[in-house]
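Pasting the structures here.
Here come two complexes built around chain A, the first alongside chain B, the second alongside chain C.
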Partner chain A sequence: MRFRAKIVDVSCLSHFSRIVNTISRLAKTCTLRLADDKLYFILSDKVANGGVSMWCELQQGNFFDEFQMEGVSAEHNDIYLEFMPENLSRALKTAQNAKTVKIKLTKKHCPCLTLAVELPSLSASSRIVTHDIPVAVIPRKLWSDFREPSVPDFDVSVYLPALKTMKSVVERMKNLSNYVIIEANRNGEMNLKIETDLVSVTTHFKELGSPPWVFDDATQSSSQDRDPETMAEARVDIRKLQQFLAGQQVNPTKAICNIVSKRIVHFLLLHEDVSLQYFIPALA
Partner chain B sequence: MPFSTQSETGDDQYILVANLDNVRNLSNILKAIHFKDHATCFATKNGIKMTVENAKCMQANAFIQAGIFQEYTIKEDSVVFRINLTVLLDCLTMFGTSALPASSTALRMCYMGYGHPVTLFLEEGGVVTVCKIHTQEPEETLDFDFCSTNVINKIILQSEGLREAFAELDMTSEVLQITMSPDKPYFRLSTFGDAGSAHLDYPKDSDLMEAFHCSQTQTNRYKLSLLKPSTKALALSCKVSIRTDNRGFLSLQYMIRNEDGQICFVEYYCCPDENIDETEL
Partner chain C sequence: MKCLVTGGNVKVLGKAIHSLSRIGDEVYFQPLEDGLSLRSVNLSRSAYGCFLFAPLFFQFYEYTSCSDEDQDTNESFRCKVLMKSVLNVFRSLSSLEKTVEKCRISLNPKTSRLVIQLLCKYGVVKTHNLSFQECESLQAVFSKDVCPNVLRAPARVLVDAVVHFPVTLSEVTLAPSCGGRVIFRNYLEEETDPSKMMLTEMTLNEDEFLHFQISKESEITFCLKEFRGLLSFAESSSLPVSIHFDIAGRPVVFSLEDPVLEVHFVLATLSEQEVSGSQKLARGSCTKDDTRLPPSEAAADDFLSDDIDSYMIAMETTTVEEATANGCQPPHSPTFPLKGSGRAEGSSSILLKPGGRRKDLSMLSNNKPGSESEEEEEEPGEVPGTPPNKKFRSLFFGSVLSQRDALHHTGLSEEVLAEASDVEEES
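Here is the complex of A and B:
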């Protein structure tokens, strides 16, 4: 197992930092999967996380100048590591105006992701800051826990409204209630609703539009023959939704919300070659 | 006029309807009196008064005159209800609090009468939020009987003068002592904290002093914890009028200019803490 990579470009570095920041706000610990051409940040749904799961995928070629990896074996050419994204996010903070950042998988007192940050310096000698981030190598037999989640067979799919507006609304609603109902229909309308003893609040978003999903599978078409007016709804933990909206720094070009009635809400943020999926289970 | 279309239909049932193009003209002023969860709302044809009280010895009133609203209709002589101010403020700021001129939130506030919720329609950029806030039985509010004929001393200051003073007050002191006098020291704020006493004097002819009408020397103490919430209003205001009556009751009136240049008032009344011995002075 071997891994070493290098970032040189400043914009790649800040883009990568933003993604890691986003991940660190969404998950305390997560799994980093390194493959030949891609990096994955994975949070699989465990009851301890409130059933939330996340899948973030990036093309290594768009971030790294050098990227060498050798997986556990030739046929399973992957590395799975468990780590705390906050550590990586903090390490990258010191690298804001770095000349280069090298990331290596090392064996110190425990397995580590070692970041060597070369900072600009006025003298001839360079300044290098090294961060060791402890990781746990996930054995091959557990890899199946981290498979890519399939896009659920949703009832309704809509584009999300401006995330800034949605974030502000959800933040206020969080002060008032622990749960929020997300509902949407095929006409591109979405509502956020809370109801408590003191107050009921509904925010109506309109003309959001529906993403053009293409299914090769006939069973995936349940949303196609649905009445466009009928709302599909899911009641979720408002803190999970708020965390997701407050944490994302991806500035997505496309943001999509898929609802499986009373089961799950699936968010999909796309920014160029980065995709971030976030799943919040519905509560009874 | 985002709400003009829907206003045609259901308006007859409401006894109070108020429209505002910029919700911050209401939310900012209500924040200035938000030091307790509950407020009592009084509406008359002149406008809306929100009252918040603390410890039965201080009261804050925010006045939003009818003229501040773009539309204001009331069908009864007076409408009174009690409302959770924390919830109301969360609802009013649903679309955020940033003061970008490009994004102003419009508000339509409706009330059907006793036992009904207050309904707020908020709109920004085509997104509409509807809030129904439950109202409660109004409670009797304190009558401070603060009558201008009983006022002994009155000072009008530019708020910046008092802002600095309040920012530097020794919060370890339990009380703030206010001295107003036709003679020296004219206007003095004193605290008695762990690290000793502090006195702050304003000369009568200071630039900050807009008016000085003191007829008799008065020294009164007020609980600092009760006055502290008034700094929220002080921060927003441009002028403040400080008055005391013959019983030593304090009235602070803050003149607040909103984002559209209109003037609103927030008023605080506070009972004196105790009668101090003349010998202590």
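Here is the complex of A and C:
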């Protein structure tokens, strides 16, 4: 197993660190999958983290000037690492004006992702900062835990309103209740509701629009013949939703919310070459 | 003592208080003939900071000996004030800069108040009357001139170096090499699992330093918090920082110098051998004892012998033994009680403070800093420790008494700067 990559361009670097920063707010530990052409940040739905899962995918070519990797074997040319994104985010934070950032998989006291940051200095020579981020290499037999989740057979799909607006609404609701009900219909209406013994609050969003999904098989068509007025709803842990909204550093070009009634809420953010999916299970 | 600070210097004074507040809970005000000195020391006495503002720093500086009787001794009045209350005066540096035109400080022992007046714009005067406590002079005993290693760098360079470390990190290791590079590295506590912690290393080249003198390669580990405090002051005053150090375990001295200002921060460094707690302590003292004369003979003037390690260990053991003795437990080792009691009576001038915190640090205070600190330098003591794994070597603080006081105290037990709570009965 071998991996080395290099970022030279400042805008690539800041883009990359924004993404890592987003990831670090969503997950304490996550899995980094390195493939020949892509990087994936994966959080699989363990009960321990509330059944939330995440899938973030980026094209390496859009970030790295150099990207060499050699997976476990020729037919399984992948590397799966478990690590704390917080560490990587912290390391990248002080590398904002770096000349180059090199990322390598190294064997030190334990397997590490080593970041070597070359910073400009006042003198002729540059300053070198290295960060050794401990990682755990995930054996091949566990790889199947980290398969890409399929888009669920949703009841309703809507575009999300501006995430900032949603965030401030949810943050206020969080003070009143631990759960929020997300509901939407095919008319492009979405409501965020909380209901407690003392108060019920609902925020209505209108004219959000429905993304044009193209289905190639008949099974994924339940949303097609749904009454456009009927709401599909899911009750979720408000902290999970708030965490997701607060973590967003990039303003996505497309933000979509899919609801499987009473089962799961699926968020899909698309930003240029990066896609981020986030799944929050519904609570009874 | 009366003085007046004007213009930008008010902010400098405020910054100095801020950076001292990273060290201790009290500020020692000591007006001297060559300026006003502000000092602080932390609870475990592993960090000491001193700012000396020369008379030229002030628009007006009047120094008076505190009373007539004292004039021959040339000793000034000094006191300590709670850090919190002084910090309150200088809390907001930006408003200090914007609104305060002058700052008048007067210290009058007769009125028992330290008065800090901020003369602001539009004739607003804020007067702070701070109560103080009289105290001994606080003086860390260190001599940076004998340190084999000296580094000097613009504050900016050092700030850039420590910015890579997380705010929560408590200690950093500085490792210069003769090859002309200086490495900063985060220090991992022994109990932390290395596969959990990110290791960060920063390399600075020799040419970034204004002065680079490494005659003895060594790595030192010191607290980052106090260092950051000094750096923020140094950065704002854009003064280069000098770092004087020796081997691990000896204090490191950070200093800033300016015609009107002198700053010294002395921080304890972690000793190299990290031993875990009492087990090692017991072993250490036992082996020492084996090689020595029978304790009864050795005890008499052990204080002057250079084997200070076993001395300190014995002191530590004394308290432990006494505690057990109170519980009617027979001492398990015949050497300890003998030694302990002999010494406790004979020379109570040294009080050991077994650090109540996880950083174990011995604190000695005495009025003969010279002799003892030399002893310490010759044979740095193994500081006895109970639970902690890592230890800072001792820093010595002499409470420098006036000659008159010294006369008074000859033959008596010397003044102790701060007493260790658990050995109070002995002093």
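As a working rule, the second predicted complex is superposed on the first by the 284 of 284 C-alpha atoms of A that agree within 3 Å, B and C clash if a C-alpha of one lies under 4 Å from a C-alpha of the other, contacts with A are read in each partner's own complex, and residues count from 1 in each chain.
The criterion applied here is as follows: a contact is a pair of C-beta atoms (placed from the backbone, for glycine too) under 8 Å apart; a residue touches a chain by one contact, two chains touch by 3 or more.
What you see is a predicted model; the values in this text were computed from it and never measured.
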Three-chain arrangement built on chain A, chain B and chain C clash or fit: fit
Touching partner for A:H109 - first (chain B), second (chain C), both, neither: second
First (chain B), second (chain C), both or neither touched by A:A124: second
First (chain B), second (chain C), both or neither touched by A:N87: second
Partner chain(s) touched by A:T203 [first = chain B, second = chain C, both, neither]: first
Touching partner for A:P134 - first (chain B), second (chain C), both, neither: second
Touching partner for A:S11 - first (chain B), second (chain C), both, neither: neither
Nearest-approach distance, in Å, of chain C Cα atoms to those of chain B in the combined model: 5
Residues of chain A that lie at the interface with chain B and also at the interface with chain C: none
Chain B to chain A touching residues, read off their complex: 84, 86-87, 90-91, 93-96, 117, 124-134
Contact set on chain A toward chain B in their complex: 161-162, 164-165, 168-169, 172-173, 175-176, 197-207
Chain A residues touching chain C - in the complex, by the definition given at the top: 84, 87, 90-91, 94, 108-110, 112, 119, 121-125, 127-134, 136
Contact footprint of chain A on chain C as seen in their complex: 154, 156-157, 160-161, 163-164, 166, 194-205, 207-208
